[in-house]
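These are the structures, in structure tokens.
Next, two complexes with subunit A in common: one pairs it with subunit B, the other with subunit C.
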Partner chain A sequence: MLSEMKKNLYPLIFLLALAVFPFLAREEYYEHLVILFMMWVIIGSSWNLLAGYTGRVSFGHAAFFGSGAYAAGLLTYHYGISPWWGMATGGLLATAVAFPFGWITFRLRGAYFALATLALNEVLKDAAKIAEPLTNGMVGILIMPTFSSKLPYYYIIMAMMVLTILCMRLTVHSKLGYYFVSIREDQDAAESMGINTTRYKMISLGIGTFWTGLAGAFYMNYMGFIDPSVVFSLQDISIAAVLVGIVGGAGTIYGPAVGAFVMIAVQEFFRSGFFGVFKYFGDKTGSAAFATLSEFVKSAHALGFGLLVIFVILLLPNGIVGDWGKIKKRVFRVKTVG
Partner chain B sequence: MDVFLQTLVAGILKGGLYALIGMGMTLIMGVMGIINLAQGQLMMVSMYITYVLFSVFKIDPYLSLLIAMPALFLLGVLIQRQLLNPLMKVETILPHNQVLMTVGIGMVLTEVIRFIFKSDYRSVSTTYSNQTFFLGHISFSVALTVAFFIAVAFTLAMFWFLMKTDLGRSIRATAQDKDAATLMGVNTARITVITFGLGSALAACAGTLLAPVFYIFPDIGGPFTSKAFVITILGGLGSTVGAIFGGLTLGIAESMGPTYLGMDYENIIGMVIFVLVLVFLPSGFKRLTKI
Partner chain C sequence: MSFFKADNLVKHFGGLAAVNNVSFEVRKGEIFGLIGPNGSGKTTTFNLISGIHRLNSGKVIFKGQEIHRLPTHKICKLGIGRTFQVVKPLGRMTVLDNVIAAAFVRVNTMREARELALQTIDFCGLLPVQNLLAKSLPIAWRKRLEITRAMATRPDLLLLDETSAGLNPTELLKAIELIKKIRDSGTTVIIIEHIMHVIMSISDRIHAINFGQTIGEGTPQEVAQNKAVIEAYLGTDYA
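Our next item is the complex of A and B:
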């Protein structure tokens, strides 16, 4: 009972901190970062259910993210239906895209699924570019945001994030979750135990893509603008989703949250030129060297991202949460008893 | 009829080069069981090597094959030794750690090149870049035709190497059954390193041959990576003969698409083929050729 409480304590404290955060940091920039962070928690968690728990790595989560975003955007654009209705259709459309796709690819073993997701991502991106009458092609879709303040979005995405994590926890700790893990560990063994592996892989895919689609629809609402190269981006969405899962720790509930935090932090770290440290020194000393250094760092944010992928896989193959014991031992020199 | 023949010829010429990229990827796939998602980026690096050699030292692209291929071989060896082999021993939940690693490597390669050369379009404009000659009514691009024959030569050399030499046999043995190969005295760790080097060198060959024809920019790697894996899947994972057929098929399909459907369809057509193969012929052409 006590350990059960302790397990829930940290996330609850963290959630409380998130809830009061907008009142403490009264600056839109930080609110924006936290909103993005929470959106990535959702995407990372849904990727994690599929990859970390069921062992089917998706390299093309942008396909589902983009489907959700377009579902919300197109309803508003063509029929004037509130994009918030699109939230529901966004999740459903992403799942609808995922089902026939899973039905084809789950029959195959090995790397096929991972590659097929990559291909799906590219197909949908090209399709969105070509189908101009429907999607406006490369011009993209622009809708008026519902709220002018960021606060409503903040609490909406927070509620979505809480729901996602609760859904993941319920799923993982139910019979379903054990089926998923058994498929990940040994598909043949799972099958011989009488588990219909294709069906459970489909369920895992369905849940995972639903939440990703919702996140996509939220993105449409929040940003007010999408185009194919943004929402179907291989690097910024698909690979980022993989990174969030890997950095935090695949196969852990709170791993994606940690991973999303690290990713947003690293991204802003580079984008703002080490939080403006170089610019500050440049202004102080008046030397141009710091200014050029600052520009250098800013243009290197994708490089930093790539290096992060390499180092995490090399040093922390199970992610920060998954390798927490290792980190404690190495970095903090804490000796574990026994 | 002329239009059809012209499209077919253009497709076959392009397909020969695709086969080269696909063969590199399928070799790596066969031996290590991973898809190398940095294949296109390795090709991009060799294009830049060619570009530098051409614009600074005035070395002809075909001569720079002799520099670009060994350079990329070394780069491949380094990547495999330092980044991919250490992952083999690590116990992880995810089965695709090495594939993710190649994604990271691809990103780093692209960004390093962007850092050095910026995102500008560059070109290696030789005297033969835009030359064509005619056979009947069909025009042939000089650069692509020469590239095609060099690609064929390299493909044949590769086959001879895989079939007849000791090292080639060891590579095939490792691809067939790693444990058995180890028991027979093959140093499989060394074989994987050599294979990755060879795969990169083949990509370098394709990159250098394509440099006079294509614009060069850092993001050109990504599309070629996806072409390469479509070829690999088409041919059947790990099958070298399959990769050649896969490359030719993709080349022809890609040149038929724009001619008969419209320019927008060039990229999507490869993906459509990919999905069709997944549905109807999951093990690719390998199933038909039995090699």
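Our next item is the complex of A and C:
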């Protein structure tokens, strides 16, 4: 019981800190970062349910993110319906895209399924580019944001994040969770244990894509602008979702949250030119070299995250949360019992 | 109505007839042995019964129902559990979680599944290792985990595929004991086994196949004296 409480304590403290954060930071830039972080927790968690727990790796989660974003955007753009209604339809559309896709591709195993998700990603991206009367093509969709302040968005995405994590926890600690992990470990054994593997893979895909679609719809609301290359982006959404899962720890509840935090931190660390260190030295010394260096560093954030992933895979194959025991032992020299 | 009946099973892999016109009936409550040299089609027969392979022709009838067109998971729900010759532990789950996952086919809540799983683990003697990861188990425990997981689905008919292979003499005795215990608890067993003294001592009846075809059936004594069986195992000189 005590360990159960302790397990919940850290997330609760963290959540409390997130809740009061806007009042402490009082700067839109930081609020923006935390909003993105929380959005990535949702995307990472839903990717994790499918890949980490059910063992079906998706390389195309942008397909579902983009579907959600467009569902919200198009309803507003064409019919003037509030984009908040699009939140619900965003999630549902993502799932609606996922079902026929899963029904066809779940007979593929391992890397072949991952490749199929990659294809879906690209197909939807091109479809959104080509279907100009519907989607405006490359021009994208612009809608008026509902709120001028970031605060409402902050608490909306926070609520969504909490719901996502609660949903994941409920799922994982139930019959569904046991079935998902069984399928991940050995599909044939699972089938012979009476598990309808096709049905349960579909359920996992359904839940996972619903939340990603919801995050996409939120993104439409929050940013006010989407185009195919942003929301169906292979490297910025699909691959990033995989990386968030792997760095944090696939198959752990809080892994994607840690992964999302690391990703946003690394991204901003590079984007801001190591928090303005180069700019500072450039101004001090008057040397143009620092400014050039700063530019290079800014465009190298993907490289930085890539390097981080390599190190994580080499040293912590189960991710930061999955290998937490190992980190404690090595870094903090804490001896774990058992 | 017979409890279980395999009727003229035929399975071809390309040009090879892996199972060719094999028929047998199993009575409720018995241990039915399936023997034959390597590659004679025993495991394929199991795969046909549990729906992993589809029959080319023939019928599998279980409790009056034709089951050979059903998917594997439905066959399990109807009450046929199986183990795999090459064991398939769910590696990154604990032994208990392995069995809980299997128990969910009969119950729906976590509490009931846990209870059923613990009962089964106790019944099969896995209590000492219940909290270990399945992948950390040595082979004897893995084989036993296969049986436990199958038993947690509460089968009326259990297919055991070489659950004694690779065990040392002490472990072997325990395995035999467990199989008898399973039979006594009311589960009918079809068992594939290579170790002759195991199959001879526990089977009520034995069915022998070679090259996918039936070569004999009867009590262990009858089969041991069957000319075709001796020929298949020891060669024509001994027959």
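Convention: the second predicted complex is superposed on the first by the 336 of 338 C-alpha atoms of A that agree within 3 Å, B and C clash if a C-alpha of one lies under 4 Å from a C-alpha of the other, contacts with A are read in each partner's own complex, and residues count from 1 in each chain.
Here is the rule we go by: contacts are C-beta pairs under 8 Å (C-beta built on N, C-alpha and C of every residue); 3 or more make two chains touch, one makes a residue touch a chain.
The model shown is predicted, which means the values in this text are computed figures rather than measured ones.
Asks: Where does A:K175 make contact in the superposed view: on subunit B (first), on subunit C (second), on both, or on neither?
Replies: So A:K175 only meets subunit C here.
Asks: Just subunit B (first), just subunit C (second), both, or neither: which does A:A189 touch?
Replies: In the superposition, A:A189 touches subunit C alone.
Asks: A:A127 contacts which: subunit B (first), subunit C (second), both, neither?
Replies: The answer is first: A:A127 touches subunit B but not subunit C.
Asks: In the superposed arrangement, does A:L16 touch subunit B (first), subunit C (second), both or neither?
Replies: The answer is neither, since A:L16 touches no partner chain.
Asks: Considering only touches as defined above, state whether A:P317 meets subunit B (first), subunit C (second), both or neither.
Replies: Only subunit B; A:P317 stays clear of subunit C.
Asks: Once the shared chain is lined up, is A:A114 touching subunit B (first), subunit C (second), both, or neither of them?
Replies: first
Asks: Intersection of subunit A residues contacting subunit B with those contacting subunit C?
Replies: 251
Asks: For a test of understanding, state which residues of subunit B touch subunit A in their complex under the given definition.
Replies: For this pair, the touching residues of subunit B are 33-35, 37, 83, 86-87, 90-97, 99-101, 103-108, 110-112, 114-115, 222, 226, 229-230, 233, 237, 264-265, 267-268, 271-272, 274-275, 278-279, 282.
Asks: Using the touch rule from the top, collect the residues of subunit A that touch subunit B in their complex.
Replies: It comes out as residues 51-52, 55, 57, 59, 104-105, 107-108, 110-112, 114-116, 118-119, 122-123, 126-127, 129-130, 184, 234-235, 239, 242, 246, 250-251, 299-300, 302-303, 305-307, 309-310, 313-314, 317-318, 322.
Asks: Given the complex with subunit C, which residues does subunit A contribute to the contact?
Replies: Touching subunit C: residues 173-175, 178-179, 181-182, 185-186, 188-197, 251 of subunit A.
Asks: Enumerate the contact residues on subunit C facing subunit A in the complex.
Replies: 50, 52, 71-74, 76-77, 81-82, 84, 88-93, 97, 100-102, 104-105, 108, 110, 113, 149-150, 153
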